[in-house]
Amino acid sequence: MIVQVGILMGSDSDLGVMREASKALEELGIGCEIHVMSAHRTPDDVATYVRAAADRGIRVLIAGAGGAAHLPGVIAAHTTLPVIGVPIASSSMTLGGLDALLAIVQMPSGVPVATVTINGARNAGLLAAQIIATSDEAVRTRLQEMRVKMAESVRAKDRAIQEA
Amino acid sequence: MIVQVGILMGSDSDLGVMREASKALEELGIGCEIHVMSAHRTPDDVATYVRAAADRGIRVLIAGAGGAAHLPGVIAAHTTLPVIGVPIASSSMTLGGLDALLAIVQMPSGVPVATVTINGARNAGLLAAQIIATSDEAVRTRLQEMRVKMAESVRAKDRAIQEA
Amino acid sequence: MIVQVGILMGSDSDLGVMREASKALEELGIGCEIHVMSAHRTPDDVATYVRAAADRGIRVLIAGAGGAAHLPGVIAAHTTLPVIGVPIASSSMTLGGLDALLAIVQMPSGVPVATVTINGARNAGLLAAQIIATSDEAVRTRLQEMRVKMAESVRAKDRAIQEA
Amino acid sequence: MIVQVGILMGSDSDLGVMREASKALEELGIGCEIHVMSAHRTPDDVATYVRAAADRGIRVLIAGAGGAAHLPGVIAAHTTLPVIGVPIASSSMTLGGLDALLAIVQMPSGVPVATVTINGARNAGLLAAQIIATSDEAVRTRLQEMRVKMAESVRAKDRAIQEA
Amino acid sequence: MIVQVGILMGSDSDLGVMREASKALEELGIGCEIHVMSAHRTPDDVATYVRAAADRGIRVLIAGAGGAAHLPGVIAAHTTLPVIGVPIASSSMTLGGLDALLAIVQMPSGVPVATVTINGARNAGLLAAQIIATSDEAVRTRLQEMRVKMAESVRAKDRAIQEA
Amino acid sequence: MIVQVGILMGSDSDLGVMREASKALEELGIGCEIHVMSAHRTPDDVATYVRAAADRGIRVLIAGAGGAAHLPGVIAAHTTLPVIGVPIASSSMTLGGLDALLAIVQMPSGVPVATVTINGARNAGLLAAQIIATSDEAVRTRLQEMRVKMAESVRAKDRAIQEA
Amino acid sequence: MIVQVGILMGSDSDLGVMREASKALEELGIGCEIHVMSAHRTPDDVATYVRAAADRGIRVLIAGAGGAAHLPGVIAAHTTLPVIGVPIASSSMTLGGLDALLAIVQMPSGVPVATVTINGARNAGLLAAQIIATSDEAVRTRLQEMRVKMAESVRAKDRAIQEA
Amino acid sequence: MIVQVGILMGSDSDLGVMREASKALEELGIGCEIHVMSAHRTPDDVATYVRAAADRGIRVLIAGAGGAAHLPGVIAAHTTLPVIGVPIASSSMTLGGLDALLAIVQMPSGVPVATVTINGARNAGLLAAQIIATSDEAVRTRLQEMRVKMAESVRAKDRAIQEA
């Protein structure tokens, strides 16, 4: 499967949250790769990876980060590929992810980051798929099928309550 | 020029902010249309517009909203096209756009909204262009040229300070 | 018992909180129904249900939601029945319900949502009863009796402390 | 016109904001009265007024307050009529109304206040009308007509942009 | 021992926190009484108690409250005795006591509440003692001795670390 | 007139706000003095002043501060006199006084500061008077008269609205 | 004068704020240089400048930034020189600098940024001087003299009030 | 080993957090001492210690504090040595350290505190080392080696994921 999405995080402690992004992509038949790279500890690795990404066929980048959460913005500085940022609220951080959210979303004019729900890695994966689907009919169809299933699941839960 | 991006807002009082999105798209040669539609006052118009959007060639939707800021999420409920949300902080709202930011970004699992900077309509336009550029070489090239110009502009400002 | 109040939530994970609304209504002899419907996953089901509600005899709608919490506002867009919103702070959301509160209460002019305490589903049920009581003497009497009992309970607790 | 709604505020400095509630009620043909009474400076006047309200034909109470914003909750303690609270963000208060919002909405179990948008006195008036409309067909019809006009106004603004 | 301080709370669930106030007063030889009374459930009991307090010899009132936290301000409306407010952050409230803090401290001009640390009932007791000490030499002396002991305790902890 | 209250601030830029404290005290016939002293720029002056205060007849200390707002707490560390803190939100500070409020109110156990409304220097003056009134019948009477006047003023405003 | 401090900002719109840092350094006889460089628009220029800084004799770096405020952290990733971050609250940003503060101060373990007051560029300059003073007796002496002058200025203001 | 860094905290309950600062310094071969001293309970001990610090060879001071968090600022008032503040979020404080952060970082002009991450004592130790390294080649080398090891650790984690 061709790798079309790169998922980055600064620490493997965020892997539990970020795996939801790769799971969503796998459900939709989109290849992805996961890397631990740090905007602060290995900034050159990040720059090197990001600059080479488009030529390697990567079409969307996803980055998860907590606290001062610079990774998505640092990635966005090195590419014009769409960058999706996931604010992470880990138990060791005490502000519930509000710091990460603001540090990711409040980018200056000219360099956007597409920010999703705090700890919302699944939504990041789905958004990446929606972006790919703008030029990939098959992914679009699978996204629409997933929406139908989601709706069915809500209706099934409603029926279960009515029957209880 | 083919319209590829739909820009929606609930009130024409947000037009001043949201025009920055269409300006950015025009600079990059991407056609867009602007509509006033309200998630709360004309919900059916929104649903009708959004459901027809993909078939009309729209590839990305941008929505700006303040306060309880439902418009981007309501749009996202009716399409699998990428939806970009712009939290708006108007002078009549008193919380600096924090309410709009949270009401846009904290979407439930399954229905993402790509959220950008508060009042960051230009970034919304650029993100839409980055999404389109994943399958449009010409737009990608123009985005990269824009980045080069942005860098030149920063360097010119630095020189101006050194020479002052 | 005639169903006069509809209680909606987007996910059955909120059922534990929202049951407090139906319990309060039952204590006051007011019929209600509970449904799982999602503003984002089944928006058309919500619209269909809400538009038919008044004709089915529903007089007040209660909606609980967390995070971007659009359900109450989306309901309010489809009806002029009073809509009561309950901001939900679940353990998986990290901002203590502040996001849900702002996303529910900060509605634009023209489409109000009557917002109650975070996780305050019992208060939502009582408010629905107070609304019904504006034209139902029996409910009003029961509400006043409930207040008397509440006062007695506070006084009993005070006596218990004095006697300890 | 029978007075069905009492609108209270603690200071006449809030009159500019709160007049929007009476205007909305007047548009809908609902009689109301406005009083300055303070939860902290004239608590007994508030209690006396509120306890007599139902017998005088008042069906809904609206209270606007800023800062520690006790007035709506103090009113709710003295009646089982529905009480609508309007958090007020005045220029002399520095927290944008967040203090007033929390002081109004976070009521303890048993004594709800129906809270609306910060400075949202018009929405308070409309919510009062929606409550009255649960047993008044004429008001319900006028509310629905108002919604139709609101929708027309949005569509007219959209057309103006398309034609610009 | 003469009762000089009245300690009030709206619910006995706050007793664990508020006992720290009475403990501090007991350490300083100041008599106090604890009552459960609610600004919302038994407003008249509160008014009656507070109005009679000064004549019964009460010199300072302490009130603890969470959420919309009206009790201290409601007390202050009925007396010119100093009223000390303790914002309470209970586990069932999700905003960490920020709501209670703002609802207590942001009193309007003319009716102050002396607000202390969130959950800071011990500090409320000490502040009451400091107020009484403005006209009671014995209490002043005991407060000063307590400060000396506090300083000694800090120094002992420092020595323990140095010797570890 | 004997000076019974010391009013301190770290900068004369806060004088406009803090004058309200001295005005309130003057209205009540209580002598006070105002000093500019800084917890950070003249810490020893503060310590010297505070330690001598009680022997000079000072019975209550009021301190206004913005930002990191240490002055009230630093004063409290040097005396067992009651210390009243006024959080100041000046135009050059950008957080609306939330920083000053938290830096003043969240004192550690053992050293309370009686915190009042943001910019609430008048309330600080009144609270100081209430403290003095616990042992001064004349001040108590004047405070009660002030309350009566405040109530009259509210009622006059209400009448003005009714007559308008 | 040898340049010992580099002052960076991402946009010349922050120059008004950041000049306070250079002024403070000039008062203390410490050479500095000011550059406009952007973490997002010219990331490589930043990396190149920062890596060369120590060899050019730079001993401390100061960076001012607003919004997502990555510049200080990005600088810190490329050097072990002390990096001082100034959160900037400009009028176009609506959150009062809270976003910039969190995005600067909440750095991950291993890569600290010394964060100062929002808009506190003068404090950044003074902190840089304090750092240099750890090995420069002359600067230390000048810093102590500055403190003496600051204290004198406070005392002069106090005298002016006493004499008024 | 010469003691170059003094680490202070107001209570030994913060020792668990603050030990990370001394550990970081030990890894870098820098001597430090830890003391429990309180800005509020032993203010004179703090002043005495801080004033003598420079002459005893101390070059940097680190202070951890929670809540109203005055210790770092009080220290900074008594010295021109660089002072590093660590905001502490303990389980008994309910605001996640936001209070401590603001109380430490928002220092007035003239008296900076170098603030680090909430609970970021390790970063405080590293920042102290970076300051010392401005005039100590050996420490600078060790800091650079530590950065290399940090980068290696990130890369090792990335490899572990690729190989999993």
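Details
Order as written gives the chain letters A, B, C, D, E, F, G and H; numbering starts at 1 within each chain.
Definition applied: a residue touches a chain if its C-beta (ideal position, glycine included) is under 8 Å from a C-beta of that chain, and two chains touch if they have at least 3 such contacts.
Note that the structure is predicted; figures quoted are calculated from it, not measured.
Common neighbours of chain A and chain D under the contact rule above are B, C.
Steps from chain B to chain C, minimised over paths through touching chains, total 1.
Taken together, chain C and chain E share the touching chains D.
Interface repeat of B-C: among C-E, F-H or G-H, over half of the contact pairs recur, by residue number, only in F-H.
Put simply, chain C has to spin 180° for its C-alpha atoms to lie on chain F, with the angle rounded to a multiple of 5. A count of contacting C-beta pairs for A-H and for C-D identifies C-D as the more extensively joined pair. Centre-to-centre separation between chain B and chain E, using Cα means, comes to 51 Å. Per-chain Cα centroids separate chain B from chain F by 48 Å. Centroids built from CA atoms put chain G at 34 Å from chain A.
Residue positions of chain H with contacts to 2 or more other chains are 10-11, 38, 41, 67-68, 93, 95-96, 98, 105-108, 110-111, 113, 117-118, 147, 150. Pairwise chain contacts in this structure: A-B, A-C, A-G, A-H, B-C, B-D, B-G, C-D, C-E, D-E, D-F, E-F, E-H, F-G, F-H, G-H.
For chain H in complex with chain F, the residues that touch the partner chain are 10-11, 38-41, 43-44, 47, 66-70, 73-74, 76-78, 93, 95, 98-100, 102-108, 110-111, 113. Looking at the complex, you find that chain C touches chain A at residues 10-12, 15, 34-38, 41-42, 45, 67-68, 92-96. The residues of chain A lying in touch with chain C in their complex are 89, 96-98, 117-119, 147, 150-151, 153-155, 157-158, 160-162. Within the complex formed with chain C, the residues of chain D that make contact are 59-60, 80-82, 84, 101, 105-118, 120, 122-124, 126-127, 130-135, 140, 143-144, 146-147, 150.
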